[in-house]
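Just dropping this structure here.
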Amino acid sequence: MSKPPEVDAAQMRARYPDVFERPAAARLATPAMIVAAFAIFIYGLVDLDFSPSRLFNGLSQLGWISMMMIPPDPGSSLPLYLKAMGETLSIALLGTTLAALFALPVSLFAARNVVPSKLLRFPVRRLLDSIRGVDTLIWALVWINVVGLGPFAGVLAIAVSDFGAFGKLFSEAIEGADQKQVEGIRASGGSALHEIRFGLLPQVLPVIAGQVLYFIESNTRSATIIGIVGAGGIGLQLAEQIRVLEWQKVSFLILMILVAVAAIDFISGKLRFAIIGRRAVA
Amino acid sequence: MLVVEGLTCRFGAKAAVDDASFQVSPGGFVGVIGRSGAGKSTLLRTINRLATPTQGRILFDDIDVTALRGKELRQWRARSAMIFQQFNLVGRLDVLTNVLMGRLATMPAWRSLSQLWPEQDKALAMSALEQFDIASLAAQRADQLSGGQQQRVAIARALVQQPDIILADEPIASLDPRNTKIVMDALLRINKHFGITVLCNLHSLDLARSYCDRLIGMAQGRVVFDGAPAELTDHVARELYDLEAADVMGGTPVPAPEGIPALGTAAAA
Amino acid sequence: MLVVEGLTCRFGAKAAVDDASFQVSPGGFVGVIGRSGAGKSTLLRTINRLATPTQGRILFDDIDVTALRGKELRQWRARSAMIFQQFNLVGRLDVLTNVLMGRLATMPAWRSLSQLWPEQDKALAMSALEQFDIASLAAQRADQLSGGQQQRVAIARALVQQPDIILADEPIASLDPRNTKIVMDALLRINKHFGITVLCNLHSLDLARSYCDRLIGMAQGRVVFDGAPAELTDHVARELYDLEAADVMGGTPVPAPEGIPALGTAAAA
Amino acid sequence: MTLAVSILPEQQLAVLNVAYRKAVARKRLRLTAGAGLFVAALIVASIGAEVNLRTLFTYFGNFVSYFDRILTLDNGQRVWTNFGEWFWGWHNWLKLLAETLLISYVGTLIGAVFAFALNFFAAENTSPGPWLRFVVRRLLEFARTVPGIVFALIFVIAFGLGPMAGVLAIAIHSTGALGKLFSEIVENADMKPVEGIRSTGASWLSCMRFAILPQVSAGYVSYALLRFEINVREASVMGFVGAGGIGQELIVAIRKFYYSDVSAILVTIIVTVFLIDITTGWVRGRLFGKEART
Amino acid sequence: EDWKTKYPEITFAVIPAENGSGVTERYGPFVNYLSKELGIKVTLRVANDYAAVIEGQRAGNIHIGYYGPASFSRARLTGVKTDAFVIDVNADGSKGYYSVFYVLAKSPYQKVEELKGKNLGLVDPNSTSGNNMPRFKLNQMGIDPDAYFSKVIFTGSHENAVLALAQGTVDVAANWWNADDDSNLTRMLKKGMVKSADGTVMKKEDFRIIVKSDLIINSPYAYLSDLPDDMKAAIKKAFLEAAQKDPEAFKKLSDGKNKPWEPIANDDYNKTIELIKFVDNLRKKAS
């Protein structure tokens, strides 16, 4: 089969010099940034005492430590662990849901495509930053002052600190949404509320759902807040077993959490695909 | 009466619309023609205030559209229905809900936000869909439709707005002849029966000539022609499109396959 | 030689393509026509193996396209260039890179991944863009282009693939007459000069008649017509589109404005 | 008001409405059932979590009490009346902060690189095969479920004491967390460009590089920088391997009730978070470029 | 009594002092006893962080707290209105314990002076025997630990300190010590928890004490100062009588190791407070 003839590259080059020879600044910007990032990385490795020999010597050691974890064994504490798991799940569910409910409206004010005014966005974003910047331990202490020790303080502490993270994440998801669909609503005379409800939400809901479920998962895993406020929880059990180096129990607990995490991951997938739906035709 | 005065819309250095001025009297059916990239879409988008004009004014029945803000701006948008070239449907909502978006401006927020659409509006939306043969797809998600089906949903959305002016950006680009006729007839009908002004970007000069009272030709952002379809002479068409008039105005566009057309210098590849 | 045998493609209960069979000999220029939603896009997508056929076979020069996997499948896709109805460009990449995507299959991975495009390919891409009058937009982001400009980028991408067969899904839907002519002429030229088969969904019967050697008519997923353009009688067209033949085959589609068309039962009000 | 659309006769409408309702009924039912279940779960959870709104509102005034204390110097004055006293340890804190930033940077970067390499295999719409997806997903789950402290303990034994163990632990955890989040962005990406590129015969790798990556890179950046920020704050648990940094210093101040130090270190951290967030915004802006037109 | 109507429910907060696991089980019977004895509901909270207990007492919603000596002193020092009322008593009748420095027996070190440039493992910044006392002791020897040792690490718990030493992570570790047969080390050894880096189980002979501190007073139970006097009296009485009235519950608390509680006053902790102040001063001086 006869193929189309070749093009005269030299001629095209002469005609569109800037396409063929991009200015050095544009060409080198990305590589320069990568090199810089890499340089800091290498500096970090050296400064933090990384050495390949240590790494390789150590790798051989890893085996037997993992052996200590086998077989996973809950001892006699299985009912206790299951209860702790339940407690943790409810605290995480409630706290994260609260955080998401409050963060959603606030995140709109932090999103560039909803609030174009930088003046308005700036304080909202800084507020969210500050909330995130305050350690969870502090939030726990603050709420203990209000409602005392107990799971409720844990719920509130999770709600506040995740609020800061959600506000940021939601707003960035919103910024990534397709403006065309929003414009469709705007052109029909929809208010800002309508644009958000019908133009933005359907697009960002799967992302938001994924993030919320991820945070539930992450709160279920983490020991800090729930343990601090005296609500027990699976994380506290795990921390204890780590502290006393009961590796078999540790591995059992990790397995248990893994199952819960996989379950949440499964739900998350189902939920998001219920929203995303089957792929569109072209 | 739509009055456009010295309208300019820039993107960076490029003027997509450049000092455009014209008037459309109520009940007019005006076609906007011009080459791809001439600024037709931008013109319509500016009139709907989706793009902000860099300069110039738009007036409609003594309202200064360019100065509107807030609720009044929304009302103006509800009055001037826009049909987008790329449909701008919400892919994850079903077809009926997409059409109902056209009714948003007419109902209190609590109603629409909780999706408790009035029966009346649902009936209207369903009728609009049926008119374009796609009522059976009402429950399907918009992004699962074929191109032409999506386009018709977008048109239905604009019509249920019950607007005073329709800004249609190539509303029949993805439609087959039958649906083209249905859609253009529908536009014509509401134009003639109810005096709704229609401003319509069209690529087919045949259609433009048969449906429009008047044509506005654009080239590189400027209005270079404004007159009745009959005034669109060969000369003007050539200027607009850079083509032989015969090719533009219908008829067989190419010679039979033996005479294969060559294309300028770049005709390699 | 492209052979389609009993091809069926279902979405849930709906058969978008239903038991379609036909053959296209090398160098054919075949138009696919039919109403919106008839399954034209799905047909082309199945041939390119973007949609998986539920049943049936596709053969091309003794390759069983339906059975291809992995590298061979990619090679087949590289040989059969697809032009999408909704362009399917990468909005956030610039125009030139979008066109260069058509060359991906021809170069080693390290080259493309580091975006070190061969000079020759860049030249090819630029000349394809130039051919369609958009070389000046090479550095612009694809989603900042007008509808017609995007469509031309998509066509350029397909052409630089230097394919053996082109599957064009309404390649001129958003184009003005001049660009329509440029694009269709380009397709015709590569078809006639280089013997590249072209399968092209078209809504304009005028274009279909003047460019195609042969037309395939689809309705509700089935092939209901297959023959030379001349065989497309009034009767067939009516069956295809449910319209008066005169309306379909060019000519003035509507009576003058005084006779406002009525629309079936829905034309009350 | 003008009527652009004529309403169909009752009968015809009724038929269409019934068809529509039937079609959406199942979806509606699923939605209501799901929402019901969720609310029920919330109620059960709020009982389990001993939610007590009365205490909350009665003592809500106490909310500020901790902040009130940390904003007070030992001599009873507000912290901002005497910056020198407030930030007496700034020299040390900045050093610790820099150290933490470095640890977090290296850890997050390693994690992000691995997450980047793995996430396409974990996403439903881009994974080459369901098996691979299953394995990668479980791997990521494992990486983020095993607490960083466990990894750190193991690594200390294997590699000896020093920040390296902490950094590796952070890196593994970040891989798991980012891998999942990245893959979810990918799952939400528009597949039309992918089809466009796939139709040219491009390999899977090219499809990811040219169709998915431009859509998701901004999302990646924001997640990676958020993770960086989290790692800065949470490095404190790595304290016992010598990688605690500013976070550990903060915890010490909290536990020893050095009130004004708590607020001073907090301010340091918050300013860092500001800077990271502003950087995120800037990088994302560059990646998104000018907003797409319609 | 009207304090019962005013306090129908009180919170008893415990910090898992050493070996944290099973605190809830340990305290379960005792809390039941307390609840029965006082005639009101007692809620047990096991908080992972004493800062939480201190804050809770400050806000007045933890009525009884079980503190370590250092954290109690810290609470007093930061103005929490709480009073110690009983103190743990060891099996031998002593009311205190010691801080010691362990090294591995196979190592050559006999004195702190030989450990320059090695790694020191402390427990937790607020631990008396694991941080405050060791620093105090080192200071007496004229040693600034942060300059003297190559690394000073907070291992997080007494157990971790021992393990870090056993596995060679640190060369010397601080820990609490009661008597030759009662220390954190002996407890861990009994459980077979101490393994060296190559996995062999270690024995008591594998460790050597090179420094032993002055006596540190035991952990107190403390109630809020603002509680009604008769309520405080009732609580104190219930605690003092516990070993008699419900020996099972009391034994469970310490595996039968401890003698009955004895009354104590705040002033007995003045020495620990001094110690804390000393360490606090070190901090600001160091920077």
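Letters A, B, C, D and E name the chains as they come in the text, with residue numbers starting at 1 for each one.
Everything below uses one rule, namely that contacts are C-beta pairs under 8 Å (C-beta built on N, C-alpha and C of every residue); 3 or more make two chains touch, one makes a residue touch a chain.
Chains and their UniProt names: A, D = Phosphonate ABC transporter, permease protein PhnE; B, C = Phosphonate ABC transporter ATP-binding protein.
Computed from a predicted model, the values in this text were never measured in an experiment.
Trainee: Strictly by the touch rule at the top, which chains does chain B share as contacts with chain D?
Mentor: Both-contact set = A, C.
Trainee: Find out how few touching-chain steps suffice to connect chain C with chain E.
Mentor: The least step count works out to 2.
Trainee: Have a look at A-B versus D-E and report the one with more C-beta pairs in contact.
Mentor: Result of the comparison of D-E and A-B: A-B.
Trainee: Per the centroid of Cα atoms for each chain, what is the distance between chain A and chain E, given in Å?
Mentor: 38
Trainee: State, to the nearest whole Å, the distance from the C-alpha centre of chain C to the C-alpha centre of chain D.
Mentor: Chain centroid spacing, chain C to chain D, equals 43 Å.
Trainee: What is the distance in Å between the mean C-alpha positions of chain B and chain E?
Mentor: That pair's centroid distance is 78 Å.
Trainee: If you average the Cα atoms of chain A and of chain C to get two centres, how far apart are those centres in Å?
Mentor: About 41 Å, centre to centre.
Trainee: Of all the residues in chain E, which ones touch at least 2 other chains?
Mentor: Only 49, 51, 55, 59, 156, 160 qualify.
Trainee: For chain C, what residues touch not just one other chain but two or more?
Mentor: In chain C, the residues touching two or more other chains are 11, 41, 50, 84-86, 88, 124, 127, 130, 135, 144, 193, 266-267.
Trainee: Residues touching two or more other chains, restricted to chain D: which are they?
Mentor: Counting only residues that touch two or more other chains, chain D contributes 3, 5-8, 12, 59, 62, 65-66, 157, 160, 192, 195-196, 254, 288, 292-294.
Trainee: Strictly by the criterion at the top, what is the full list of touching chain pairs?
Mentor: A-B, A-C, A-D, A-E, B-C, B-D, C-D, D-E
Trainee: Which residues of chain D touch chain C once you look at their complex with the stated criterion?
Mentor: 3, 5-9, 12, 192-193, 195-203, 205-206, 209-211, 214-215, 287-290, 292-293
Trainee: Which bits of chain B are touching chain A when the two form their complex?
Mentor: The contact residues of chain B facing chain A are 48, 50, 71, 74-79, 81-82, 84, 86-93, 97, 101-102, 104-105, 109, 112-113, 141, 143-146, 154, 157-158, 161, 268-269.
Trainee: For the complex, which residues does chain A have touching chain C?
Mentor: Against chain C, chain A makes touches at 1-4, 6-9, 11-13, 15-16, 18-20, 278, 281-282.
Trainee: Which of the residues in chain A end up touching chain D in this complex?
Mentor: Contact set of chain A toward chain D: 37, 40-41, 43-45, 47-50, 54-55, 57-59, 61-62, 65-66, 86-87, 89-91, 93-94, 97, 113, 125-126, 128-130, 132-135, 137-138, 141-143, 145-148, 150-152, 154-156, 165, 168-169, 172-173, 175-176, 178-180, 183, 206-207, 210-211, 214, 218, 221-223, 231, 238-239, 242, 245, 250, 254, 257-258, 261-262, 265, 268-269, 272-274, 276, 279-280, 282.
Trainee: Write out the stretch or stretches of chain D touching chain B in their complex.
Mentor: Touching chain B: residues 1-8, 12-13, 16-17, 19-20, 23-24, 293-294 of chain D.
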